[in-house]
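Next, two complexes with chain A in common: one pairs it with chain B, the other with chain C.
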Partner chain A sequence: MPMVLLKCDKDIPEREKHIYLKAPNEDTREFLPIANAATIPGTLSERGCAFCGAKLVIGGVLKDTIQMIHGPLGCAYDTWHTKRYPTDNDHFNMKYVWSTDMKESHIVFGGEKRLEQSIHEAFDEMPGIKRMIVYTTCPTALIGDDIRAVVRKVMNERPDVDIFTVECPGFAGVSQSKGHHVLNIGWINDKVATMEKEITSEYTMNFIGDFNIQGDTQLLQTYWDRLGIQVIAHFTGNGTYDDLRCMQQAQLNVVNCARSSGYIANELKKRYGIPRLDIDSWGFNYMAEGIRKICAFFGIEEKGEALIAEEYARWKPKLDWYKARLKGKKMAIWTGGPRLWHWTKSVEDDLGVQVVAMSSKFGHEEDFEKVIARGQEGTYYIDDGNELEFFEILELVKPDVIFTGPRVGELIKKLHIPYVNGHAYHNGPYMGFEGFVNLARDMYNAVHNPIRHLAAIDIRDENPAELPEKIREAA
Partner chain B sequence: MTTCEAETPAPHAAEVKLIARERAGIINPMYDCQPAGAQYAGIGIRDCIPLVHGGQGCTMFVRLLFAQHFKENFDVASTSLHEDSAVFGGVKRIEEGVMVLARRYPGLRVIPIITTCSTEVIGDDIEGTIKNCQKALKAEFPEREIHLVPVHTPSFKGSHVSGYAECVNSVIQAIARKSAPSGKLNLFPGWVNPGDVVLLKHYLKEMDIEGTIFMDTEDFDSPMLPTKEIDTHGCTTVEDLRDSANAIASVSLARYEGDAAAKFLKNEFEVPFHPVDTPYGIQNTDKLLRELSRVTGKPIPDSLVRERGIALDAMADLAHMFFANKQVAIFGHPDLVLGLADFCLELEMEPVLLLIGDDKGSQYKKDARIKALKTKAHFDMEIVHNADLWELEKRIKAGLRLDLIMGHSKGRYVAIDANVPMVRVGFPTFDRAGCYRHPAMGYKGAMELAETCANALFAHMEYTRNKEWILNTW
Partner chain C sequence: MMEDKLDDLYGYVQERCLWQFFSRSWDRQENIDGVLGQAEAILSGNPPARGTPMEKLFYVDARTMVDDFRARFPWIRESSPEEVKQLMDGLKSRLVETVITKSTNRELKHHLY
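The block that comes next holds the complex of A and B.
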C-alpha cells in the first residue's frame, strides 16, 4: 500500500505524494513522501515561517543576548511567550523581546536609522548585556534595509558589544526549516573562531541541536560533568553567545537535532576537521548508546558504563512500572520533524507503545527516510499535515494519546483524545534517563485520565457506560 | 514650627500627565500587530475562515495565541507567501487559497482576506483579486454565496487593537445591506471575552431588548460532548451582519475597537450611533444601561437594580478597608485601561500609571475619558501612550511603589520579578485558568474583578507575611 489520497484531499490530489502508509516489503526507494515543499494555500497547515525558525528556535534560546527584531512589533510579540526554555540565569531569554517597531514612514524612507537607534537604546537600557542578534523580517527584507552596515557602524561606536545578523525574512523558504539553515551558516561564517576560551579538560565537545526545553540541556550537562567532558558550547540550550564563538576548539561535535543544527556540525567538520557524532537523547536505549559512542571516542568507556549502570539502577525500575501499564497503547506524533524519528523506536523499545501516525511540519525527505526506517508497518507518515487530514487519520488509527502542540491538543480534546505537549513538554525535561521517565509518567497520566471517560457519558442514557472501577494506580 | 509640622509635605495639586514612549524601539510589546487583531474579529463570525495573505508565521502564531488564551482551537488559513510572490506578486496564492477553502469546507460563507506588512509592501491588488475569485466561485459553486472581504491591515500601522476595529468595519461594509427595519439594536462591545458577551446578552434580555452583538464570541467557551462534536465557533452570522444596516441604533462600547463600524452604519445607512464609555466599573455600567434605556425606551428592571446592589455590597466590604490608597498600574487595550482606571477610583485605589499602546497620541488627547481623569484623580497619574512593557518595568526599577498590577499575561514577569501582586485582565491571559469565562464588564464584572484583586492582595499578604494576621478575623 503506497502513497495515500485521503477523502478530504480529493480536491487537492497532489497531497497524495505527501502521505505514506508503510506496508511489508516496501522501502523508501519506492515510496518516500515529498517534503520541504511549498504548502498549498488555504489548507490550514501547521507551518510557521523562516524567521521563527531562526529566532524562536535557535537564536532566542541564548541566555545573554538581546534579540533585536527589525520590523513591525508583531514578529517580536509572536515569538515571545511561546517556548519553555529556561536558563540558569533567571530566564533572561524568556522575559524579553525587542522590536524596532517599524512604521509606515520607515517603509517609505527606509528603516536603518530606526534600527541604529533601537540598538543603542537596547544596550543603554540594559547596560549589563553586551551581545545582540539582529533579525530582518518580511518588510525590512523587501525594502532592502542593509542591517549589516548598521551593525558594523554600531560595533565601531561601541567596542564592548558584539552583534550577529540574521537575514531571514518570514517568506524565505517553505517553513521554519529555512531559518535554521540561515542561522547555522551565518554563525559559522561570521562568529565561530572569533574567540577562545579556557580548556579545562582533555575531553572537549560541542553539544549541538538541543534547546534546553524544560531543562533538557541542564539535565544532560550533569552527565557530561560526571564523565569529565568539557562542553565548549551548547548550540543553543542554556548557551551563551561567546561560548558559541569558540566552537572551533572542540574535539567532537555531538548532534541531537540534526534537522535544525546539522548544518553547523557539517561546516565545523569541513572547516576545522571536528568529527560529527549524531545521537538520540530521548529514550533509555538511545541515551545509553549515545553515551557509549561519546565515551568510546574519548577512550573513557569505563566511566560511561559506570554512569549508565548508575542511571539504570536509579530510573529503570520506574520506567518499567510505566512500561507495564503503557504496553500496547497507540500514540500519534504531530510535531516539527526530528522528534518523529527520535521517538518512534524509543517509545516502542522502552515503553511498548506503538506509534500509529506521524506528521512532520518541516522535516526534509532525509528525515522521512530515517523515520520510515525506524517506524512500524501500518503507520501513516505525513508531511505538512493539515487539519482535515488529521481528523481523517484519527478515525483510521484511533490513537490513545497524541504528542503535539497546545492548539492541536485543544482540538483533539473534543474528540476525547488526550494530548501531551510534544514541543514544550507537559512536565519535563524528557531527555536522558530521568527525562524519559518523565515522558512515560506524562503519557500514563494522559491516558489514565478519568475526564476522558466522563466526557463519553451522556447523562440522559438510561444505562450509561460505566467508568472503569480503577483508572489509575499509585506510581 | 515643630518638627512634626516641618515633615508634613506641602499639599500640591495632583498632576495627570499624558506622555508618549520616548524610545524608538520596543522592549516587550503590549500588543500584537494589525493582522492578529483582524484574525480575532474574523473568528467571531459563524461559517468563516479568515485567509491571511502573508508568511505562514503571521497565522500560525496568532492561532497559537488564541489557543493559549481560550484553551480552544480556531481555524485561520494562510496563503503561505514565499519568495516568488515577493518578486512577482502573491495574488495567485489568494485565488488558490480561496478555491481550496471553498472546496474543502462546504459550509463556508465568509472569507476575510487579511493583508500583512509583506503583501501591503508588495502591493497586491486585493480588491481586483476578489473580483476574479468571485467569478471562479460562481462558475464552480453557482448555488453558494461566499463573501470575500478585503481587510487591509499592514503590520506597520497601529496594532492588534486597530486591526480588530478595521476587520469588524470591513466585514460590516462588505455585508451590511438595507432592507426592512429589524427593530434590533447593534451592540459593538470591542475586543472582549465570552464572559463579557454572556453578560451583555443577559442585560439585553433583562431589559427586553432584541439586540445583536458584533462579534458574538459566546461559543468560544465550548464543551466536551459525548457526541465528540466540535462546537467552537463565532456566533455572528452573515444574516446578523447583513441586518446591521436595519437596526434601530448602534451602541458602541469601545471607542477604539467598536466606533468605526458603528460610524460607518450611521453614515451609510443612517443607523443612529451612540458611543458610551466602556462599561468597566459601576458608573460606566450605569451609563450603558441608561443609554440602552434611552435608545429603546425600555425601563431598567428591578433585577438589574438588584445586581448593581449586590456588586456594591460586595465592593463595600473591600474598598476602604483593603483597597484605599493602594497604588495600581494598569496596562492593555486603551478602552479597557481607561475603564479600569474608573473602576479603581470607585474602589478608592489610585491608578498611578496607565499604559496604553498605539501611535495615536492625537486621538488620546481628544479622549474625553482622559480629560475626565484629570479632574477626578486626587493623586499624580502618568498615562503613557505608544507604551511597551519596559515603561512599566523601568519605572518599578527606578523606585515606583506599586501595590497591584492589572494587565495581561505578557507582563507576568514584571510582576513576578518585582514581587507585586498582579491581576490578569484583558488579552491574553494564558497564565491563569478560566479568565475568558468571567466578565470584566458590568456590575458582575466589577464585583468579580474586585474580589479577584482582593484575593490577590490577601495571598500576597500571606506569602510575604505582611499583616496576614489581619485576615485572622474578617
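The block that comes next holds the complex of A and C.
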C-alpha cells in the first residue's frame, strides 16, 4: 500500500508524503513518512513551538531551578502547569512561573535591562534558590537581546548563583523538537562536567528522557534503590540542576525518550565514552527487559530477577484482570512521537489491545522507522496530523479509545469516543509495573464507562424511540 | 531453509531492538556489528568480551536477544558455530540494508547530533 492521500487533504496533496497505511511485506525501505519537516500551510497542525520544547518538556521539570522566560507573559503562562510533573520538594516547579513580562516599550528600546532586573528580583524573592535557566523567546530573539551577556553580568555580581541560557525562540524550528535539541546540546556544552558529586555505589547511571509525569521517575527510582544503583542525574524528572552538571560521572546512560533526549546521550558517549542503552519503560515485558539489561551491565542479574519476580507477583494479576476486559479493543495514539513506538507493542502484548492509528506531532523519521517496524499491518502512521485528518481517520479505523492530549481529547469527546491523556496521564504514573496497571485501569474506565453514552441522548426528546443498551445501562 | 531462519531472526530484531535505530548511520553500524558479534560468541559457546564499557553494553543487548532467539526459535540451539556465523552475517547484511544503506531517514548522515 503506498502513502495515503486522505479525502480532506485533496487541496494539500503534499500531505500524502506524511501518512502511511502499513500493508503486508512492506517495510521502511519503501515507505517512510516524511517527518520533522515544516508544517504545510493550510493544515491545522497540533504542534507546539521550539521554545515550548525546551522549557515545557525538559527545563521546566527541574525541581530547584527558576525558569526565567524572557518574553511576553503568554510564553510563560502557556508553558506552565500544562504538564503534571511533580517533585519531591513540594512541587516547586509547578507552583511558580517567572517572566520578564516584555511590553511594547521594551521591544522598542531593548529588554536587556528588564531581564537583568527580573533575574535579580527572582533571586531576591527566593533566597533559597540559586539556580536558573533563562530562555529567549520570539520577540526577544528578534530584537537581538544578548541574554548571555546579561547572565554573565549577573553571575559576576552574584557568585553563589549559576544560570544556564537557552537561546531557542519559538520560530527556531518546525516543532517543539528543536527545543529539545537546543537544550540538550547547550547543556552538554555549557554545564556537564562543571561539578562532581559523591559516588555512593559501585553502580552508577544517568536516567535520561523521563520527566516524572505523575511520578514516573519516583516510581522507577524505587527500583534503582532496591537494586543499589546510584542515579547520578535524572534528565530531567524530579531532577536537580547540579546533578545534571555531574552527568559525566555515570558508567551508563539509560535512555527512555530517545526523541527528546537522545542528543545528550549521544554526546555523553562521544565525549566521555559512556555507553547509551535504550529501553522502554512502559509495559511489563519491556520494563522487565530493561531491568535485566541494566542489571546485566553491572553484573547484578540475580538482584534484577528478584525484583522482577516481586513486581510480577504483586502486579501481574491486576494487569491480567484488565487484559481480560480490554482484549481486542482498538486504540489510537495521537501524541508527540516516542510513545507511538513505546506503546504499540506493549499494549498489544500486555493488554491484547490493537493499535489502529498513530499520529506524531514532532517525531523524526527515526521514530517512524521504529514504530513501523513494531506496529501492525492495517494501521495508519501519520506525521503532524491535522484536525480534519483525525476526523477522517476515526471514520476509517473506529477506535474504542484514544490516547492523546486534552486539546484533541476534548474534540473527540464530542464524538463520544473516550480519550485518556497520553501526555500527562489521567491517573499515573504509567511507567514500570505498577504504572502499566494504572494505564490499563484508565483505559478500562474510559472504554467501559457507560456515562459517556448519555451524551448522545437529546434530553429534549421525552420519548426517545429506542435507547441503545449502553445508554440504558448509564441511565 | 536458511532464508526462513533469517526471516525469523530479522523479524524479531526489527520488532524488538532499539539499538538498530540509533540516530546516525555510524551508531547503527557500530551497534549492529557490536551486538551481533557478541551474539555470535554466545551462540557459539565462546566467552563474549566484557572488558570495556561498550563491550559490556553490546553484551547485555546480545544476551537478551539470544535468550529470546532460543525461546522463540528452538532450532537455533542446534546450530553449529559455522551455521551461527552464516546466520549472523546474513542478519547483519539485512539489517544494514534496511536501517542504513536503503533507509530514507534524512538525518542518518548528518555529521552532528
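Throughout what follows, the second predicted complex is superposed on the first by the 452 of 475 C-alpha atoms of A that agree within 3 Å, B and C clash if a C-alpha of one lies under 4 Å from a C-alpha of the other, contacts with A are read in each partner's own complex, and residues count from 1 in each chain.
The rule we apply is simple: contacts are C-beta pairs under 8 Å (C-beta built on N, C-alpha and C of every residue); 3 or more make two chains touch, one makes a residue touch a chain.
Everything numeric in this text was worked out from a predicted model, so none of it was measured.
*Asks:* Could you tell me if A:79 is touching chain B, chain C, both of them or neither one (first, second, both, neither)?
*Replies:* A:79: touches chain B, not chain C.
*Asks:* Kindly classify A:185 by the partners it touches after superposition: chain B alone (first), chain C alone (second), both, or neither?
*Replies:* Once the two structures are laid over each other on A, A:185 reaches chain C alone.
*Asks:* In the overlay, answer first, second, both or neither for which of chain B and chain C A:277 touches.
*Replies:* Touch partner of A:277: chain C, not chain B.
*Asks:* Considering only the touch criterion stated at the top, classify A:247 as touching first (chain B), second (chain C), both, or neither.
*Replies:* In the superposition, A:247 touches no partner, neither chain B nor chain C.
*Asks:* Which partner does A:289 contact after superposing on A: first (chain B), second (chain C), both, neither?
*Replies:* second
*Asks:* State whether chain B or chain C is in contact with more residues of chain A in the superposed arrangement.
*Replies:* Here the partner covering more residues of chain A is B.
*Asks:* By the touch definition at the top of the document, which applies to A:229: first (chain B), second (chain C), both, or neither?
*Replies:* neither
*Asks:* Kindly classify A:12 by the partners it touches after superposition: chain B alone (first), chain C alone (second), both, or neither?
*Replies:* Touch status of A:12: first partner only.
*Asks:* State the interface residues of chain C toward chain A in the complex, per the touch definition above.
*Replies:* It is residues 14-15, 18-19, 21-24, 27, 53-54, 56-57, 59-61, 63-64, 97-99, 102-107, 113 of chain C that touch chain A.
*Asks:* Mind listing the chain B positions that touch chain A in their complex?
*Replies:* 23-29, 31-36, 49, 51, 54-58, 60-68, 71-73, 75-83, 85-86, 93-94, 96-101, 103-104, 116-118, 121-122, 154-157, 159-160, 222, 224-232, 359, 390, 394, 409-410, 413, 417, 430
*Asks:* Residues of chain A touching chain B in their complex?
*Replies:* 8, 11-12, 38-52, 68, 71-82, 91, 94-104, 106-107, 114, 117-119, 121-122, 125, 137-139, 141-143, 169-175, 387-388, 405-408, 410-411, 413-416, 451, 455-458
*Asks:* If you look only at chain A, which of its residues touch chain C in the complex?
*Replies:* The contact residues of chain A facing chain C are 27-29, 32, 36, 185, 251-252, 258, 262-263, 266-267, 270, 273-280, 289, 292-294, 296-297, 345, 364-366, 369-370, 373-374.
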